[in-house]
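Both of the next two complexes hold subunit A, though its partner changes from subunit B to subunit C.
Coming up: the complex of A and B.
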């Protein structure tokens, strides 16, 4: 019987204390943002899908189309194709396709690139209606005019 | 509880299918429960819905390509898995790790542990019917996830460790951010004490419920906070120290009764200890490189290696056997949740259905880790 009443008393006290916590939270400013209308800044180290770095001097990318990134990719989601222009000596990048539906953002491609031609983009929270929206043409996205 | 329920006429009994999609199973776990009224007569967990053959994937590609997979087993606490894997590779190939990288590994892993325990705390209380705490824990979790995102590049499936170090060094904002976060978390624990630990409904729902005694815990090979809740102070960070844990001072909290309430207390105390570890590691962290240069093609020599780390749920063991090529000949993962789940059958007999939910919640199951 004693146990019953002490439970009742302690229980009531604990519940009131708990309500005190929620009341305090109710009166404090909200911690969330109204998402579609407001967004928070993307952190500096965030990894989006890969993109080609554009050299400011030359205005072009550095890719030598060696295909190391495509070979090391765990998910095999990169396709690199180089073509030798007529009369040219070196291969030039003709196609750089990323299948983002399979990418796991591990960053292996960025690490292995011998000429550091790749980096992570800042595209956050990608969502789409079709699968094709995630087939990213990295070369076209870089917007390099040959 | 009520003796002789099993002898009652068969038409009083029925089967209840919990899952594969049920909020209380926290993933695609199906539990077939034989019921008598509100009492559980038998229970059979059915796993395998999330099987992605991770081990086979590891055996069919170069070892570097398995790194992102390690984060996708235990998605709530990815870094201990990754730590165990890279440690196995490092021991095999003899790649040295710079000291700064080891400290960074410890700090990020402990942050990850706090994140995981906060997620568990919110979800567990949600299972018990308390909706408010999950909003607070997710608020805290976001602060730590922001730090981890800045360091590792992603919020959940971190791919940060490499054989021979970590991917990148932290920037200048890292240390102040972590210190501010520790300070904030300490004040939040007092709030959780008021809101949860002393709450009469929570105590009544968890005390003396789902008691795992020492003998049972050892028999099933239970590890992590579930084992420590039963009073056995076994922590890989102390028992088989790895990385820089021997240089750091922390306690291994244990429970006494092995009930749900003890497991709750152990996890909350573990979060406090993790904060202590992070503080010390920040003090001691030296400068220098964070990654040693490794050859582009690193073959695994013939032989095998096992490496164990302490995850948020228990011992995470990676067994790697090499045969002279880049691809592992055999890769075996021992995940803690599988053992923790296996005792459910014995534990939950003759329990009320509501207590079964509390017990399952207190085991902190992550189903993709069970299935792999």
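Coming up: the complex of A and C.
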């Protein structure tokens, strides 16, 4: 008989506590974001696909087309090609292609680059209908015509 | 036209108008409740709820209604023929009848039956038949289980409802809802019968198959319970019936325990005091939605134990005490 009434009291108390919990949730502001119209800031450690850093002084990228990134890449998804212009001494970057479908965002290319020419972009929420949409022309994306 | 109207007895015109208003109200209530429930569900979970259709999602429910009307009625193999299509109708049709006796304000009552209370309770029980027929004829194990649970649940919870209502009847000496409201002009019966109110309210939630007693349509175990196989308009008829039964239950609680239309006097109080009635009713409906988003679903044995071990003994003791006090 004691059990009977203590069950009743405990149950009633826990129900009232439950009401309190949900009432608090009802009165506090929503935490969700109306996604396509609102976005939350991208966190500092976010890794998008790699991109070339544009040097502010020269207005161009720093890549010397040494190909270290392409050789180090465990997924072999980077293709770098340099061409020596006629009369020039240094090779110039002609093609920097990233196969993002294979990239695991390990970041070895960013770490290994001798001139720190690479970084992760802030591009997120990528989705596409074809494989070709993820063959990213990193050089063209950097917007340097040289 | 006017001569025709004059030839008809005024009672006839009154009934036609009342029927139109009641049916309009049934649909309006389902729309408002559907919107409120989804919005409140969102806020209880710290979401925003419907936001896309119309201002703050206000048009969501009409649009959903149109979608449901436009949908095909799918019929599974070997369903119980006419019964399959009859059961949403049986769910939907009797919901309008209790409105006939509910006193919204002193003058806004279609008919003041001497046995109004019994009439309402009898009409509410119709829902069980609809749920059972729908579940039985669907040719689906989940539907069948849901229907069986619904019948067992409704039978066990009908008893505490009747016993708790009886204690009010003992005080007022009347089954007429209007008389019960008039008796509460000085104080509300919830003050003298708090236990009866609690029992009535809890059993009412179980009667309308609402969470945490929504075992007949327990999503996690029975897909959608008795209305698993219903689509389109048939499904929406079950939903409209459910929301209307919630309204009727809360309206009955308002009449029996919260003084019906009584409140701060208003101009044209004979009619406008239905504002108080509707406010109290919707406040109780808010509490029901609040319950749904607070409590987890009970197990079936817990459901039965709760009714037979707690609600029924307590309502009996309450009834006995009321009888003694009234007699003294």
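Quick note on the criterion: the second predicted complex is superposed on the first by the 141 of 146 C-alpha atoms of A that agree within 3 Å, B and C clash if a C-alpha of one lies under 4 Å from a C-alpha of the other, contacts with A are read in each partner's own complex, and residues count from 1 in each chain.
The definition used in the following text is that a residue touches a chain if its C-beta (ideal position, glycine included) is under 8 Å from a C-beta of that chain, and two chains touch if they have at least 3 such contacts.
What you are looking at is a predicted structure, and each value in this text was computed from that prediction instead of being measured.
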Clash or fit, subunit B versus subunit C on superposed subunit A: fit
Per-residue touch tally on subunit A - higher for subunit B or for subunit C: B
First (subunit B), second (subunit C), both or neither touched by A:25: both
First (subunit B), second (subunit C), both or neither touched by A:15: both
First, second, both or neither for A:46, with subunit B first and subunit C second: first
Touching partner for A:74 - first (subunit B), second (subunit C), both, neither: first
Which of subunit B and subunit C A:101 touches, first, second, both or neither: neither
First, second, both or neither for A:111, with subunit B first and subunit C second: first
Partner chain(s) touched by A:121 [first = subunit B, second = subunit C, both, neither]: neither
Minimum C-alpha separation between subunit B and subunit C after superposing on chain A, in Å: 6
Interface residues of subunit A shared between complexes with subunit B and subunit C: 15, 18, 21-22, 25, 31
Touching residues on subunit C, where the partner in the complex is subunit A: 40, 42-48, 51, 290, 293-295, 309-310
Touch list for subunit A against partner subunit C, complex: 4, 8, 15, 18-19, 21-23, 25-26, 28-32, 34
Touching residues on subunit A, where the partner in the complex is subunit B: 7, 10-12, 14-15, 17-18, 20-22, 25, 31, 43-47, 72-75, 104-108, 111-112, 120
Residues of subunit B that touch subunit A when the two form their complex: 61-62, 64-69, 72, 132, 136, 139, 142, 146, 149-154, 157, 159, 162, 167-168, 171, 191, 194-195, 198-201, 296
